[in-house]
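Sharing a structure, written as structure tokens. Questions coming.
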């Protein structure tokens, strides 16, 4: 239940961190889209562990295989199933956690919910679950780019106490983002973040962070009132990612402290379309895109699995000390960047198709 | 499309601000629940305009009528349809807005999406749409209270630049919240907020705010991985409310600046169940409730409709000045309190029923 | 749960036979469709009881009221809520049935399912539930007619042992169908049916029947593999009607006795499009419309509520004799005609919108 | 779109006949169910081609692999992904069909819908698509058997003009059904069917048939009014199978010719529960199971792909003669038996879980 997302562009993901494979089925992918594994692999490579000295050394090649829905390099309109094998399984790393649930992890809640759990703890809460999302998102993004010229770029805007100034959302590119291993486009902040991540690793600790994202080229009219408002779907999508604690669109929490006269975005003519002079709305008004860039931010908590000893309790409530073994990221936000982009693409592809139906229906 | 929310406890809302009625259909309400209009009306009364000197003087009685699904004071398990008449319609107030879309309102986006819009502007983006949610939420909440002893309390924790210290989430009650017209439980902050709202009204301006909410008594195990994580559904629910710009659960954005060793919630035995010593998780781990109180916050922007003149553009992109007429709240957060509670109840009732099915399925 | 139907053109019905109102909410109705109560009422009038000497004398005016979603005679694209009051309630008629469930009715199963039931017995299984469907179907049909030139005509092809020869599906009209109170377009068969219905009424008994339906003007390409095949959705729609026992498309059960060489529909050029020389496929191949008329048949059992005494058992399993009182149709098929048309329209409107999205998506 | 089925026990299938794999994802499978490939393989073996002299010689081993959702032989409650490789691909067999759509097949409609199609013609309309259903159905059936003691048995009751008398639905077993390669439990009819199938094969022709099915042990209360009536879901499920043309439950079309006094099923006490003396209702009343065996029948048309030459038209509408090559069943009903059982299991597992939720909700 609930491993599916979307109405017309509908993705179902599957897979635990330590099973045979992870992947997804995309039901509703538009037909006649040129598609091969090479279109999907780059975002998986940006997501995968072991990319740099600041991420987990768990080594997974994460090669995607298209099982169905594509022939002669074109999508057929039928379900596109994507599978990625799990290769580097070390269930032994999780031995102690059989009796002591990791604090702030999903070991306890999965056990409470299902009465059983994967040996690795919170199976579907693993970061590996996001592989299916990234693969599906790459397909969605390719379609959005080719059909609408849409661009999605995410970046790291905070890591621990280091924060980056806002870049120009109209211009930032993935190349600029990837220029630093932290995926923070501001060089000074990037250096501070890198240092903070290394310090956390040294201390067998972890730090949280913030990912920002802009979607450029979204036409006015996407998003469905009431429960399908575009920001509501984005919020659901982002808060469905592991380790997320918050979501802001446009002015966000800071906007709540403003007056309307200062917050409102005045309309201006923009070469044939109606635009806004400012963008505190974050590209969405009344749940519907207004043609301006969609801009939002997501808060990620520090990873729960840390190497230093923690005083906690075992499943029976007895005091215990846990020292997690295994390979874990001290900070997830650099690798979260392509995941956020993927979820944005899934939200937008679905909203686009629903609006295409309506526009065509009205004749 | 997308006026429905939930899987097993499923609500569909209908109605524009200036049509004949607003309301909802609840499909999947448990049978044999004692229910009458008197169970629903109190939350509608807390939501309705004209309650106090700080809200819009638009006078609506907002009396709910049960059209179906209840007989002899008991739900039948069949759809419960609830209807609330619109009485105080003044379409004339919206004359000028026919040619000039209100900045940061939904007039422009509804027109772009549908090629038509209600005379009152963004019809379904109106605050009156939330009446159906509040009515449905009152039913959900009654069931949650009787079946699980669950309690939901929201309050105003910020209005403009005035912010309240965090109350004790374990004890705060609606009576305490309602003791002040701002619905802020901290007397000093409440006074500052009231002053700020009056000042905004004087200036024909508006201010934003923050609503906080706690859900007590949620057992461990509610919430569905992956896209149905409990915080993801809460985020969708809250960002589907008019004028919302952000959502935080537990430690929220502040948590993103912490280290894991300081952020993790250690487990402790709590009289027969496993609890946590702190609650930075906000009652949810891995998308699933852990038995601790669920705590979250929502940012509301300042209302877009303000009386003072605004430089903007008309639908054709020509410069224009708009002075909105009509009756509008200078600050929505006091009235948003029961709406937030209603959406929390809808999320939790649905999650509860899905988990009841699973628990019963596993035998 | 499950009072909703459709994905993009989505209808939710509500209401018991003896509550305050019945009706529906249409979420996803295309915007800018000219719509008033006068567009909906005619099909409700064809459905309502008391039309002729062969239906129940229960007298309901069944006047539809549009509660939302329409302004100045145009749909807004927002939910269209339709309500029809229940006026002629006589709960007293159902007294004896409080202890004795009617054989082959839903009294027993509703009690088993919900642990409670409406005083009228199987509340949502009542024929009055279909009012919401007919109202929604009239809206769907208007859109299909205006947007695609589509025509839907149903008729009675069997009543008890009387069966009518197949009419020319390309030409049959509602005017021809309505020329006889049985809604059978074959005069001789119609007379036999009328006699059979009168005989059943005289005997305080009831008879079953068959309704046939043709949908003309459906373009090739509607219907979604796999579980959304057009015939699968039609079958679900029709078997969701009260008292139905069977569904056939095209050659139906007779086709199961044929050889492929005799059953296959050869393709032929038809003025610019590819058509078929015969139509044993019933207008659908592989779950997708092929441009030929869609033709299907539905079997209705004899109504379960009959006036003559029946030996049965009470809820406790003790032998009992039941003589149903109240006003009941001896044969439902004449009034089922507009209901079948409505469900066909709902299936097709939804399939149309989904295919419009895909066609637009492929660019 | 629409490759998913079910609400709480939700299956998504993927795969074309000539791609890399076919399979499914089951989202919502109850946790702690003992499950291995050996539980699934037997029904796939009953479905697979090449079992006997009367089916297609296409040789596929159809070995299922569990990709996720199971650890240490128990389901985790997370998505169970099942994959079955396609091994025996011979796209060359479909050469001529590139320009000539097979009559009554899906080549034309897939092309019309998607503007592209698999080289094998109607990709997802292939019988191989049903593999994912059978695999998922085996899982559903195992849960239903262990949790409720439920039994599902289908058999061939008609092939071409040969029809079998109705067996005792209370006693028929799969062992009896499988005793003859036709899967008809009546020896005389089975011989006639076998002869008819051989004759059709000799003539490079095909024949249709009828599959009947009984579900024993379904408790009263499953099935959701209105659009989720149990017979409506069964009808959708069965009409979603390739080559189906009709569905009947209980008395079916024959019931439409009866009087109510003869058709009604009188209630009788049956050892502590209320049962019926006859079962013309087919185990369902008002859309809800009544505790009696659920009995239904499905009509399958003769396979469209036949070896003998057919006069038809090419895609451009020009007259053409088609002689299909490749390996095709002259009659699908023997192999359809496990597919029908699978779809019945999927419908019932989902209905069971929804009713478990309701029963638990009412407390």
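We just call them A, B, C and D in the order they show up, numbering each chain from 1.
By our rule, a residue touches a chain if its C-beta (ideal position, glycine included) is under 8 Å from a C-beta of that chain, and two chains touch if they have at least 3 such contacts.
Note that the structure is a prediction, hence the values are computed from the model and not measured.
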{"item": "Which of B-C and C-D has more C-beta pairs touching across its chains", "value": "C-D"}
{"item": "Chain whose mean Cα position lies farthest from subunit C", "value": "A"}
{"item": "Inter-chain centre distance, subunit A versus subunit C - centres from mean C-alpha coordinates, in Å", "value": "45"}
{"item": "Separation of subunit C from subunit D, taking each centre as the mean of its C-alpha atoms, in whole Å", "value": "26"}
{"item": "Separation of mean Cα positions, subunit C and subunit B [Å, integer]", "value": "38"}
{"item": "Shared interface positions of subunit D, touching two or more other chains", "value": "1-4, 7-8, 13, 28, 31-32, 77-78, 113-115, 124, 225, 354, 358, 362"}
{"item": "Subunit B-facing residues of subunit C, complex", "value": "1-4, 8, 10, 12-16, 18-23, 25, 27-28, 31-32, 65-72, 74-81, 83, 113-119, 123-124"}
{"item": "Complex interface listing, subunit C residues touching subunit A", "value": "7-8, 28, 30-33, 77-78, 143, 146-147, 225, 352-354, 356-363"}
{"item": "Footprint of subunit D on subunit C - complex, ascending", "value": "1-5, 7, 13, 101, 103-106, 108-110, 112-115, 122, 124-125, 129, 158, 160-161, 200, 203, 205-210, 220-229, 231-240, 242, 244-253, 255-261, 263-270, 272-274, 276, 280-282, 284-291, 299-306, 308, 310-318, 354-355, 358, 362"}
